[in-house]
Amino acid sequence: MRKWSRLVGYVVLIGLLLIVPQFVRDPRWMHLVIMTGLYIILAGGLRLIMSTGQVSFAHAAFWGIGAYTSTLLVMRLGVSFWIALPLSGLVGAIVASLIGYPCLRLKGPYFFLVTMVVGEILRLFLTNSVDFFGGDAGISSIPSPNRIRIGNWAIAFPYRSVNYYYLMLVGLFVSLFVYYRLERSRFGMICSGVRADGSLSESLGVNVMKYKLTAFVVGSLLASLVGSFFAHYTTFISPGFFTFNESTIMLIMVVIGGLESTTGAIIGVILITVLTELTREFSKYEIIVYGAALVLVFRFAPGGIFDLYRKFISRLRSHRASVA
Amino acid sequence: MSFLIFSQTFVNALLLSLIYVLVAMGLTLILSIMSMINFAHGELYMFGGFGVYVILQRFGYNYWLGVLVGVLIAVLAGVLLERTVFRPLRKELLPASFAALGVGMILQTVALMIFGPLDKDVPTVFPGVINISGVFIPMEKLVIVLGSLAVIGAIIVFVNYFRAGQALQAVAQDSEAAALMGININRINALGFGIGCGLAAVAGGLIAPLYYVSPYMGMSPLLKAFNVIIIGGLGSIPGAVLGSFLLGFIDQFSLTYLGYVGNIVGFLLILLFLLFRPRGLLGREIQMH
Amino acid sequence: MKTTKGFIGVMFILALAILLIAPSVELALAQESQILKIGGFNPRSGPAASWGLNTDRAIDLGADEWNKKGGVTIQGKKYKIEMIHEDDKARAEEAVKAVNKLIYTDKVKFIAGPMMSSPFLASAPIIEATKTITFVGCMAPAVLKDRKYIFRITVPWNHAAPAFFKYVTKIRPNLKTSVHISSNDATGWSSTQADNDSCVAVGIKVLGSEFYDAGTQDFTSMLARILPLKPDFLSFAGTPPNITALVIKQARELGYKGQFIHSSNCSPDVVGPIAGWENIEGMLLGTFTINGEKVPATVKKIHNDWIAKYGQENAGGFGDGIVQYPLIDILSRGVEKANSLDPDKIVTALENLGTMDTVFGKARWGGMETYNNNHQLLIPIWVSQVQNKKLVLLSLEEPWDVPPPEQKWR
Amino acid sequence: MLLEVRGLTKYFGGLAAVREVDFDAKSGGIMGIIGPNGAGKTTVFNLMTGVHTPSSGKIIFKGEDITGCKPNMAASKGIARAFQQATLFNNKTVLDNMLMAFYLESKFKLRDAIFETSSVREREEEIKRKAYEVIEFVGLGGMAEKPVKSLPHGHRKCLGLAMALAVSPELLLLDEPVGGMNTAETTNMMKLIKMLEERGMTILLVEHNLRAVMNLCKRIVVLNFGRKIAEGSPEEIRNDKSVIEAYLGADFRAA
């Protein structure tokens, strides 16, 4: 029974996602859907990192690292996108482990301070090197991914074509699979254990450092991959995309949705992206709303919206039980 | 000639360092007591600025009155915030810090709605420049320096010679033990948070005439303050002072002698610190729940 | 169980999202004629808001003028102009979303006034792809190079500065050496590049150029480098007024006696109070003004309209905002000349407008040499100076169609 | 000899929490460490489990020098520990706590998370079974699904012990196992500890409740101000001058 409903869930979800382009023909909303997908991958990664009790303010920076690596590989060295994509992921992972290894062993705010500084240094670095990284005017007209041939039919990626959506979808499925497996397996259990009480976990034999580092590297790696895709999708990147503020927004998405689970992060992303788009004319109140949300969530609902929804459901259940 | 540049730079560095001290002090105090990063510090700094702007510029009253008003409001706000938002989040670093981030966002937008986005000017309160054989010291900076020194002195005296101050110290070192000693943690936290916010406002009020006042005036000082406390050691007040001087001098000299490349030097230094001496110069690891 | 609930949650939200999207797709189809929709996107919230809002206001005032005349005439039909301003929050990503909305939902054929390079460049591909005729106010060279549907209404430094400094040498022959101060970003670099090149072109010796990082408030270290060089004047370009003011103030405090010059748009109403009016007496600016001394009556009128519509705030209308006042005027002329709404026809019509006399003086299209299209408006540079707390217009200078040769400075 | 502690010393800042302490523990049997407050009992545990690294001295476990190895290493070598103020994962249920505790048993690899092979699933099922066993053993049967927040102090302590057992230790360190318990809970806990001893487990416990210590332990080590002032059988300790002084007599004779 349980297996069944789960299977149905999968099928319906995938079906739904596959036919989205059928009734979202307007490029505006198509773009929004794609960006939402990308943000889900990003936020999910951040959620993963946060599940070990750490926060990375460099998440947008890794997004940027991916974008710039891939862009430079393709434009300067003429590497194919399909090679640049994994390479940029690799670079992200390496940088992550270089930063994470010395800093994650420390209690307290050190790690997120480090990541803050890292993000800022990246920005300064990019803006200062005009000749190579294009300064803060960024890099324009980034080539789109070259066509894939399978037998005698090929998939091309002209500017803004729907194929980007399907490419994004593949990435989304893969990363969601990873996120959910990590969350629902013993890995997730240990991460939350580490977050709840590091020393207790250690006394039970858990190598806390290893789990923090793994989470950070995996999250950053996926962020870099997103960056690579993003660069070739929008064909323009500049340091402005990848600042501290962007990280903060991702963070707010995760927190509001609920960092107890990947689903929470997903909900947060969809909610914020859709709402901000639908309430454009009120954009000047956006910041205050974010602020209020942050305070309220941390003060009253640390589990975020998804947790509230869960509690609500379970209350309904128990209520029904008591009625019956 | 080059000696003149050096000595001018040296003086500038001295002045800048003391400005940094002023901003970093409150941040590190709150960090040591509540073990949270007060992301709203910049906005409380803004309180001081607008206090001066409103009292002095709008109503034309005395400058110091403006500072005072700003500080009082900030302290009140601080106590209120501690009571309503931060008390339940005590010793929970990330929740508290991000709640603070949210508070900052709110305060900023409110200020934006009241005063508008344009930069407000605050007239020079202490005009004139002292010229010591080619080395120039603006009067108003001198005032800030004195103010900053006064604040440092006051804090030292308060923390060491007043019961509340000693309690503050005890809580900062080990709140559980302090509680056992019969200290009312809640009251001390409120006090500490209030003082921290007050310090931010003092800084804002003193520095306002130097620059200009706007809802975003807190941003860059806050960033500097972060760097200062990272170098000096999180939650250590002497560390904050030391860090301010180190960073102040490095900023000034690197910018003077390396030009705009110097911008990145400070950050690299901080990164090195975080990687190789994360506790900073005088820091200790902060106690978590 | 957990998993299922998770996925049900996701699907629920997805469905919600799509339901929210669907109606607005329908909405997009509703379209009535007789209205000429012109879109715009600029920062209208966040630190850059005042900048963006001023620009939009200036453009709206321009639109009002035409609507008073009954609108734009195309094939005998009168089209009222309707402005739709979007907020890009100064973020490239948001700009793309804004442009998507304007083009695909509001179905605008024209976009007016984006004045931040990075957000504009991010959205430029869509604009070109959809043949949306766009008048921009942002300065980066990449903005205009090889574009077909993008025109630039503001005169970038490398065209303006030479004319400006030529005039400076004429009225202040004693100014022989300079140091240039600018922000450490694309804007700062290109403006400084232009200023330096122009100074060399007109025979002023450049002793150095300095760059400050965003958020800097203490410039003493920079000034400690500069002042010993004893430049005749400090030159700013593309530096926001508040920063300019701080530098001036601190320079005077450190005993600088020389002149200050700002070769592009900058509002003395902001600089004066912060820097102290006495410190900027005689400062030369290359900025437009609508309430300065000796400005033509037509321009004074804009000032009155501004106050009538928006009150005193920024009534100076200086800075990068008011520059774009003539935008709608020029665009409308182009549309009327083309007498159709076909983008390509309008582009050719615009290109062939010849000499237009705008409220800010006689203007024409140029820039073929630099951007390999004639989409750069060459509108006169206003040189004015500060005299006892007022800005006094000195002269209108024709910008250079071909900028002076670039040298290596950084 | 299962455990040899030699010249163990730890300085915090200036002052020594533990000074030149050495004692041995044969495998099997219960050994007690007692002493007045601040005698450094818990610190000794922290040093043995690698929470702190000794300033000097050696800790030899099964002939292997484990001085200053990380807590998780200590655990994997077979030293488990139940904390003083029953430290648990408070936002979880009893069962989840146990499953967490069986970390070492699970031999968990990252790829197991991604590719959930049948073998992994079997392993997890096995662990669940064991978890229930242990829960049963410590007398929390039927509370597996309860959130630990709701447990009374005694039960929390039991769960703490159960979690330590999940590490399947050869040496079990109990920090005040009956601390803050009522008599019923105390007797129950003591029964548990005796059972474990019968199973041939070596137990080292720090305790204030002297009565409990006296009738549990074969050997007792007495610390005062970080120094070892006496070691021996309960009787010897009872009549040891220095110990009596250390405890200012009173409550001691009572025991």
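Each chain gets a letter, A, B, C and D, in the order it is written, and its residues are counted from 1.
What we mean here is this: contacts are C-beta pairs under 8 Å (C-beta built on N, C-alpha and C of every residue); 3 or more make two chains touch, one makes a residue touch a chain.
Computed from a predicted structure; not experimentally measured.
**Q** Quick check for you: compute each chain's CA centroid and the global CA centroid, then name the chain with the smallest gap between them.
**A** Most central by this criterion: A.
**Q** Report, in whole Å, the distance between the mean C-alpha point of chain A and the mean C-alpha point of chain D.
**A** Inter-chain centre distance comes to 42 Å.
**Q** Let me have the rounded angstrom distance from the C-alpha centre of chain A over to the C-alpha centre of chain C, please.
**A** Comparing mean C-alpha positions, chain C is 35 Å from chain A.
**Q** Rounded to a whole Å, what is the gap between the Cα centroids of chain A and chain B?
**A** Spacing between the chain centres: roughly 34 Å.
**Q** Using Cα averages as centroids, what's the distance between chain C and chain D in whole Å?
**A** Each chain reduced to its C-alpha mean, chain C and chain D end up 72 Å apart.
**Q** Give me the residue numbers in chain B that touch at least two other chains, ranges are fine.
**A** Correct list: 223, 260, 263.
**Q** Note the residues in chain D that touch 2 or more other chains, in rising order.
**A** Not one residue in chain D touches at least two other chains.
**Q** In chain A, which residues are in touch with two or more of the other chains?
**A** Within chain A, the residues that touch at least two other chains are 124, 128, 284, 287.
**Q** Line, ring, star, complete or other: which describes how these chains touch one another?
**A** Topology of the interface graph: other, matching no listed pattern.
**Q** Would you pull the chain C residues touching chain B in the complex into a rising list?
**A** Per the touch definition, chain C meets chain B at residues 47, 49-50, 184, 210-213, 215-218, 220-222, 224-225, 228, 242, 245-246, 250, 253-255, 270, 273-274, 276, 313-314.
**Q** Mind pulling up the chain A residues that touch chain C in the complex?
**A** 2, 5-6, 9-10, 12-13, 16-17, 20, 23-29, 31-33, 35-36, 124, 127-128, 130, 135-138, 140-141, 159-160, 180, 184, 234-236, 238, 240-241, 245, 261-263, 266-267, 270-271, 274, 277-278, 280, 283-284, 286-287, 306, 309-310, 313
**Q** Could you pull out which chain A residues touch chain B in their complex?
**A** These residues of chain A touch chain B: 53, 55, 102-103, 106-110, 112-114, 116-118, 120-121, 124-125, 128, 248, 251, 255, 284-285, 287-288, 290-295, 298-299, 302.
**Q** Can you tell me which positions in chain B touch chain C when the two form their complex?
**A** Chain B reaches chain C through residues 1, 4-5, 8-9, 12, 15-16, 19, 116-119, 121, 123-124, 129, 131, 134, 136, 138, 210-212, 214, 216, 219-220, 223, 251-253, 255-256, 259-260, 262-263.
**Q** In the complex of these two chains, what residues of chain A are touching chain D?
**A** For chain A paired with chain D, touching residues are 178, 181-182, 185-190, 192-193, 196-197, 199-208, 214.
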